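Two complexes follow with subunit A in common, the first pairing it with subunit B and the second with subunit C.
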Partner chain A sequence: MYRGREGQWAFVLHRLSGVALALFLLLHVIDISLVMFGPEGPFNAFLAFYHQWPFRVGLVLVMAAVVYHAFNGLRIILMDFTEWGVKYQGALWYGALGATTAVGIPVLWKIVPEILGIA
Partner chain B sequence: MASAPKTYQAARATYGASGELVWWVFMRISGLLLVFLVFGHLFFNNIQIDAGTIDFAYVANRLSQPGVKIYDTFLLAFAMLHGINGLRYSIEDHVRKPGRRFWTKVVVFSLAGIVFVLGTMTLWAFSYDEMGAAVRALD
Partner chain C sequence: MDATTPAAGTSAPPPGLDTMNVTVKIKRYDPEKDARAYWAEYRLDVRPTDRVLDVLNQIKWEMDGSLSYRRSCAHGVCGSDAMLINGVNRLACKLLVRDLGSSIAVEPIRGLEVVKDLIVDMEPFFDSYKSVLPYFVNDDPEPARERLQSPEDREIFDESTKCILCAACTTSCPVFWTNGNYVGPAAIVNAHRFIFDSRDQATDERLAALNQPSGLWRCRTAYNCTEACPRDIPITKQIEEVKRALLWRQA
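== the complex of A and B ==
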């Protein structure tokens, strides 16, 4: 397997997170659309199903994908529209990873106790 | 595509006046907007509250607010266009056989069309004021 440097990993993660988010978006719009069936419809039962811990962990992974994709997307915009973006793309990628971690830690601090039921 | 163009000038040179240049620019503009729209969406529904408590009453209450409907309409439109165009890039890169590529796109675009209509209906076709009142009447 070819092991590239930062740029390749940035691309692979951007592609994987992007495809995952697009598929999640389709699923998410479909599940929220169940609200159209009204208060006596299947919405509450469906949501209770999704509140089980494996799905909540999945939701945390979706959020991680969002945050990485957002910060790496900003890196791509800087690479495309500034004179210096491409030159510093490696450093910018570490910046994107750092920003993802910086946002991720307080989010996990808030949500993990909810999932464990000790909030 | 072998490798994506890295600058706006390179994108112009590669795509010329074709629709691909428009999509290339759209992905960057919508991407920047989505950073704010999606972060806001996650903040409202996962940070301000415990997402594990979301139920019909919560969603109906949100969807009865005009501001939320408009916010979510922009979110839906930009996220769908950005996401489905991204899926199209991925299909064109990874699904190599022409026939299979064509049918993969047919399935993805059809599904996306249905989901977009479903999402727009969810936002605009019903009065959740009345539905929310019905829920409160149950309590």
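== the complex of A and C ==
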């Protein structure tokens, strides 16, 4: 493992979250498209399948990936267009992580009770 | 032979100076003998103020003469001894043992084919360097004296003149590890050197050379190059400057 610093881990997380979101989107398009087979088709069965708790945990990860990818994307825009963004890229990454966590709290508030089956 | 070769012997400490015992792991590979690379381990006494290059020399000269690595000036100018030391790319001649502690791991730089031990084939690296026309181009008639430039204009590319082509930056780049065709930070720094030189006339050719599928745009701003540079060149900053130059020229 190369001992890179903030920039390397920002890149790795950005790439991982991006690939994960692309795959998730593909899956999402496929399962939503099943609705075209009508009420007797496989759509409802899939919907019930996705409502099991492991997929709720996955939902938390999807949200984290979306929010991180968005905030780090803003960091990348700042770096690409301003000298300032490059100079403070490390601090901006911690900012992106902090913002992801801040948005994540209400997500957890909503989803954790559903995972535990108390909502 | 075992995967980790035990120390063949320890050398006498230099007189009158504090020494410390260090364990040096070196990733070794001899294409004529080894199917794959392996970690060899050496234990020896060195001075805390020794550089990693001194440690390698001590191993080669006193313990195992078959160890191979490049070095020339040994003072951070020639750029021969870039290595992956304790997880980061550094020049072996600019890194002191006291800053590493008693456990040192040395590998060849990544992304280039290993020729033997710590020696890699630098040709793909130099091919990328050559692709950006890393020399001054100006076909106007030469003035009677030098081509003048204001200190302000000289300052713009001052830091990119410092490159010693050691490849520490390019071989620290995650994009280069997975795509060996990527032109790499070192070539972009050397393009920057002339693109922002007010006297130069080949900016279009250089930007065209960089505007290729494996060119400038493969940079994902991981900043490993900037951290690795032994000359403290703000590499990522310069790559972003070249990206903007190309972007605004296209717009």
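Just so we're on the same page, the second predicted complex is superposed on the first by the 119 of 119 C-alpha atoms of A that agree within 3 Å, B and C clash if a C-alpha of one lies under 4 Å from a C-alpha of the other, contacts with A are read in each partner's own complex, and residues count from 1 in each chain.
Basically, contacts are C-beta pairs under 8 Å (C-beta built on N, C-alpha and C of every residue); 3 or more make two chains touch, one makes a residue touch a chain.
Note that the structure is predicted; figures quoted are calculated from it, not measured.
When both complexes are superposed on subunit A, subunit B and subunit C clash. Within the superposed three-chain model, A:43 lies in touch with subunit B and out of touch with subunit C [touch as defined at top]. Residue contacts after overlaying the shared chain place A:96 against neither subunit B nor subunit C.
Applying the stated contact rule after C-alpha superposition, one finds that A:21 touches subunit B and leaves subunit C untouched. Of the two partner chains placed around the shared chain by superposition, subunit B is the only one that A:63 touches, whereas subunit C remains out of contact.
Of the two partner chains placed by the overlay, subunit B and subunit C both lie in contact with A:80.
Of the two partners, subunit B and subunit C, it is B that touches more residues of subunit A. Within the superposed three-chain model, A:6 lies in touch with subunit C and out of touch with subunit B [touch as defined at top].
Comparing which residues of subunit A touch subunit B with which touch subunit C, the overlap comprises 15, 76, 79-81, 86.
Here subunit A touches subunit B in the complex through residues 15, 18-19, 21-22, 25-26, 29-30, 32-33, 35-36, 38-39, 41, 43-44, 47, 51, 56, 59, 63, 66, 70, 73-74, 76-77, 79-81, 86, 107, 110-111, 114-115, 119, going by the rule given at the top. Listing the residues of subunit B that touch subunit A in their complex gives 6-8, 11, 28, 31-32, 34-35, 38-39, 42, 46-47, 50-52, 54-57, 59-60, 63, 76, 79-80, 83-84, 86-87, 90, 111-112, 115-116, 118-119, 121-122, 125-126, 128, 131, 134-135, 138. Those residues of subunit C that touch subunit A in the shared complex are 84, 86-88, 110, 172, 174, 220-224, 226-227, 234, 236-237, 240, 243-244.
Looking at the complex, you find that subunit A touches subunit C at residues 1-8, 10-12, 14-15, 76, 79-81, 83, 86-87, 89.
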